[in-house]
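Next up: some structures, all given as structure tokens.
Shared chain: chain A. Partners: chain B in the first complex, chain C in the second.
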Partner chain A sequence: MGSIGSSFFDIGHLDALSSKQTPVHRVDSRVKVLTTLCFIVVVVSFHKYDPARLAPLVIYPMAIMVIGRIPFSYILKKVLIASPFVLFVALFNPILDRNPVMELGSFVISGGFLSFTSILVKYVLTVSAGLALIACTGFDAICSALSGMGVPTAFTIQLLFVYRYIFVLGEEAARMARARALRSFGDRGMGIGVYGSMLGQLLFRTMDRAQRIHLAMMCRGFDGKIRYNSPKGICWSDWIFLGGWCGLFVLLRSYDFPAWLGRELGRLI
Partner chain B sequence: MHMADALISPAVGGTMWVAAAGLTVYSARKLKEEMDDRKTPLMGVLGALVFAAQMINFTIPGTGSSGHLGGAMLLAVLLGPYAAFITMASILTIQSLFFADGGLLALGCNMINMGFFPCFIAFPLIYKRVAGRGPDRKRILAASMAASVMGLLLGAVGVVTETFFSGISELSFKTFILLMLPIHLVIGVVEGFVTASVVGFVCRSHPEVLQMADESSKGNSISLKPVIITLAVIAALTGGFLSWFASTSPDGLEWSVARSSGNKELPAPAGKLHAFFSGLQEKTAFLPDYSFRKEKPEAPAANEAKKGNDEPWPGVSAGTSVSGLLGGVMSLVLVGLIGIGIRTFQKRKSK
Partner chain C sequence: MSHHIVEVKDLAYKYPDGTPALNGVNFRITHGESVALVGANGAGKSTLLLHLNGFLTPQTGSVRIGDMPLTRKTLKHVRQTVGMVFQDPDDQLFLPRVYDDVAFGPTNLGLPSDEVRERVMSALELVGGAHLKDRPPYRLSAGEKRAVSIATVLAMSPSILVMDEPSSNLDPRSRRQLIHLLSKFEHTKILATHDMDMVLDLCTRAIVLKKGSVVADGTVQDILNDQDLLDSSGLEKPFCLQGCPICGIKTQQ
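Entry: the complex of A and B
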């Protein structure tokens, strides 16, 4: 119970990071969303037997985190927490695919092991890029970016609403769960009977709240739209950000930089 | 069952994105037609409720584990399919952004698996049929049970299909589906119980809430079929285009790079689908053979086939593979150095 409770405040912390003032934070939110999507597509498009070629791409999430002053340990913790399903699926690769693909002296590396590694690397890269995006942009800015990019307003309004009320209802639910835990001994009262009516109670309270919110919104002239701070135009530094990163991704996608580096080093040695 | 970016290919992710985006736009348009702006805050708050409800667990008797609410079916019952889909989509987006639960490219897949199947398939086809019009409690319980189970199973099939077409995981379609279906059957039954008990509670104490949702979804439940067909066609076209693009240009690029640099690249494997069909072909081709000559000649043939399968993966000479790995490690070190460089620069500047 405590752990989930703290995870709710945790997402608040992620959003709080976005209020810093760094060069990355100042980049237009639309540009950051586009760049991150481009990064993810490039990462995912690499061949499954090519984990080494993914290595230079670490530079994007790392640069964002370093320049945006986002603590590494915090992002790493979140990446590790969310991994069970990926691990579960990826673990089958070394077991099922035993084709020898590579030799390192007397070691033979199977294709399954390579694809397992590349799934994990891709996972870490994509997830950390997404978390870095939210940590250096903030959720409101992302929603306004989405609506600026033509996403239906009904959807962006829902994003804002759900996010805003997660905290309110989360606290309410945590309070209810604590109260139930205090009144029940062992497993008595923790079953589905009580649970169903408890959730129902929460549901009704929520619906009443929705009605009050609606009235309050009507009082303030809500007409089905939420008005964002109109974003500043995309200036030249934003174009450089977008073009620079996307150019780098395409370059790393089309040239095998690690192999070149390895060959040159081998020649030196 | 949130899918991660690491397990899908760009073609599959892009296709599902297009399909999910189409559904979102369509649902948003339908909602606008309803013109009930009381629903806007209600949807948002119910979406937050689905999150909040995950903080309350219940113990499953006899197992020692605990379950909690999944959400999509409850949303569909309370809000109608369109509003429920949009709310579910926003929940999934927040999950992927803040909790790293499901990736950004995989968002389309997740919206289809966990939003489309429960809201647009299980809800109208199972829940509505079984629950009927009147507020009959037993029927509502049975309906939410059946619909939750069905929605989850369809979602699990979706996960397996998307993973299979991406060709990243080595799990075969059959094994993966045999792993996924039982697990999700259990989860579905638990979720069905939860949905049923909550809907039952609502039905007992405030039955008018259910009627309101029923009315709002009544008028436009018929027009879904053409939309799904159009979406399927669009998704198939984009999927075809993207996979054609993926199979020709980047590989072509790699091939030319490999030729110009003299580096022996690993040949691109034939796609999973291709492997599946060739496997099928092999099987069907073996059968007549088998009936003519009974035993021995088949074994060498199979061996040969195996050898043939092995051959596309020749032992890459140790030199190139070592240099590749070394290069990977070196570029990681390089990136790390750049990071440290930026940080020291920042520190010096702030002093």
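Entry: the complex of A and C
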């Protein structure tokens, strides 16, 4: 549990990163959200047997991290934390889909293996782009950008609050787990039954807290809307950022760049 | 300045499961008074506080804040007049940045952005937290969190400050700083607390609650020296009025 607890608190590091001053940080948050969204749509739209064509797209998260001075290792760790879930999702593809679709010398590669790789690459690309976006924008700025772009306030407020209270919830869960571990010796008391009642406890505590937070908000005149600072106008460099990246994504989507590179290299050799 | 008055008359409240929490509470707090609400755990302090800003509406009896009774229609005005500081700062600081959190109330009041900025900064400066404005609240220490949650309330310029256990979970120095800060405020103050030494430092009047009723209402000096009263209501004298455990000398008051 300790590891889950510490990875929770580590999310706070994203905020520290978002206060840096680099060209990427200065780009308007709406533009960054839109560009990342465009990136994700393009990545997801590739065919499942085509993992190689995804490779050039790594340039977007890479560029954001390099220019935004966001440590690779940090983002990589975050990507790894959620990877078991994705592995489980993709695990059965090589087993169920055994159609041979490609031959590399004497190796025959099945369709399942290609789609497995494709899922993993898509996961790494989209999640690292999302994390890089948060790290160079800040979560509150993203929520305000989303609400500025017309996303219903119910969603943006939910997002904002999930982000704020995930620490408190994590801390509470970690405290409960610690208390249980301290009084359960060896395997006793670690059974699934105890988990059930702990989860119930956590739910009740969360509901109580939600009520108190609601009260605190009502005391300060909350009327269903959070008024964000109005963002600065979008300037020409923002348009260049948006246009440049989206243009590149469309280009990489419509031309098979790795195949072209392969042909050219083949001709040179 | 009649809008600084808090008047509670025959207030009674039962929880939905039938447990009585308040049985006929009466008091009147006038402008500029600093009042301690003391009582054992479960005496009804928190329930009473929840009535003062209209989270609970009186089942019987009435609550008047300033010139108006507390009803659904006056709720907005009452909540602006009564600034409530919660016991757990994590409930109070709900936005990801300190500045936004302090600005939340004034923005909801519909103030222009210049005025909001001014109020936020002066509230933060007053509690000594101007340097925290860009920090996320969950990264602050308990003392800083408390200071900022007081600033969130001050930014709305309330006339009455209500606080639930303001000194809980603070280290001795943060607690001392808090007491110093609160002593500078000229608001009408109502503090629900178990910290009897803070009561002695900050309050002029104390209201003792026991099982949902007021059992004593008088000056802090009188109440804290009434050993029988304190014993029967589950309270103790402030440490500074108790004898010294090392040299055995009794303090005389």
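Note that the second predicted complex is superposed on the first by the 201 of 269 C-alpha atoms of A that agree within 3 Å, B and C clash if a C-alpha of one lies under 4 Å from a C-alpha of the other, contacts with A are read in each partner's own complex, and residues count from 1 in each chain.
By definition in this document, a residue touches a chain if its C-beta (ideal position, glycine included) is under 8 Å from a C-beta of that chain, and two chains touch if they have at least 3 such contacts.
As the structure is a computational prediction, the values presented were derived from the model and not from experiment.
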Touched partner set for A:250, first chain B, second chain C, both or neither: neither
Touching partner for A:170 - first (chain B), second (chain C), both, neither: first
Contacts of A:221 with chain B and chain C, given as first, second, both or neither: second
Partner chain(s) touched by A:59 [first = chain B, second = chain C, both, neither]: first
Contacts of A:209 with chain B and chain C, given as first, second, both or neither: both
First, second, both or neither for A:235, with chain B first and chain C second: neither
Which of chain B and chain C A:179 touches, first, second, both or neither: neither
In the superposition, chain B vs chain C on chain A residues touched: B
First, second, both or neither for A:162, with chain B first and chain C second: first
Which of chain B and chain C A:86 touches, first, second, both or neither: first
On chain A, positions contacted by chain B and by chain C: 139, 160-161, 163-165, 168, 209, 213, 217, 222-223
Chain C partner contacts - residues on chain A that touch it in the complex: 12, 15, 19, 138-140, 160-161, 163-165, 167-168, 209, 212-213, 215-223, 226-230
Residues of chain B defined as touching chain A within the complex: 1-10, 13-14, 24-25, 27-29, 31-32, 37-38, 40-49, 51-61, 69, 78, 86-87, 89-91, 93-94, 96-101, 103-105, 163, 167-172, 193-194, 197-198, 200-202, 205-206, 209, 246, 250, 253-254, 257, 261, 263, 265-266, 268, 310, 313, 315-332, 334-336, 338-339, 342-343, 346
Chain C residues touching chain A - in the complex, by the definition given at the top: 50, 53, 55, 76, 79-80, 82-84, 86, 88, 90-92, 94-97, 100, 104-105, 107-109, 113, 134, 136-139, 152-153, 156
List of chain A residues in touch with chain B within their complex: 1, 4-5, 7-8, 11, 14, 36-37, 40-41, 43-45, 47-56, 58-59, 62-63, 66-67, 69, 78-79, 81-82, 85-86, 89-90, 92-93, 96-97, 99-105, 109, 111-112, 115, 119-120, 122-123, 126-127, 130-131, 133-134, 139, 142, 151-155, 157-166, 168-170, 172-174, 176-177, 180, 187, 190-200, 202-204, 206-207, 209-211, 213-214, 217, 222-224, 253-263, 265-266
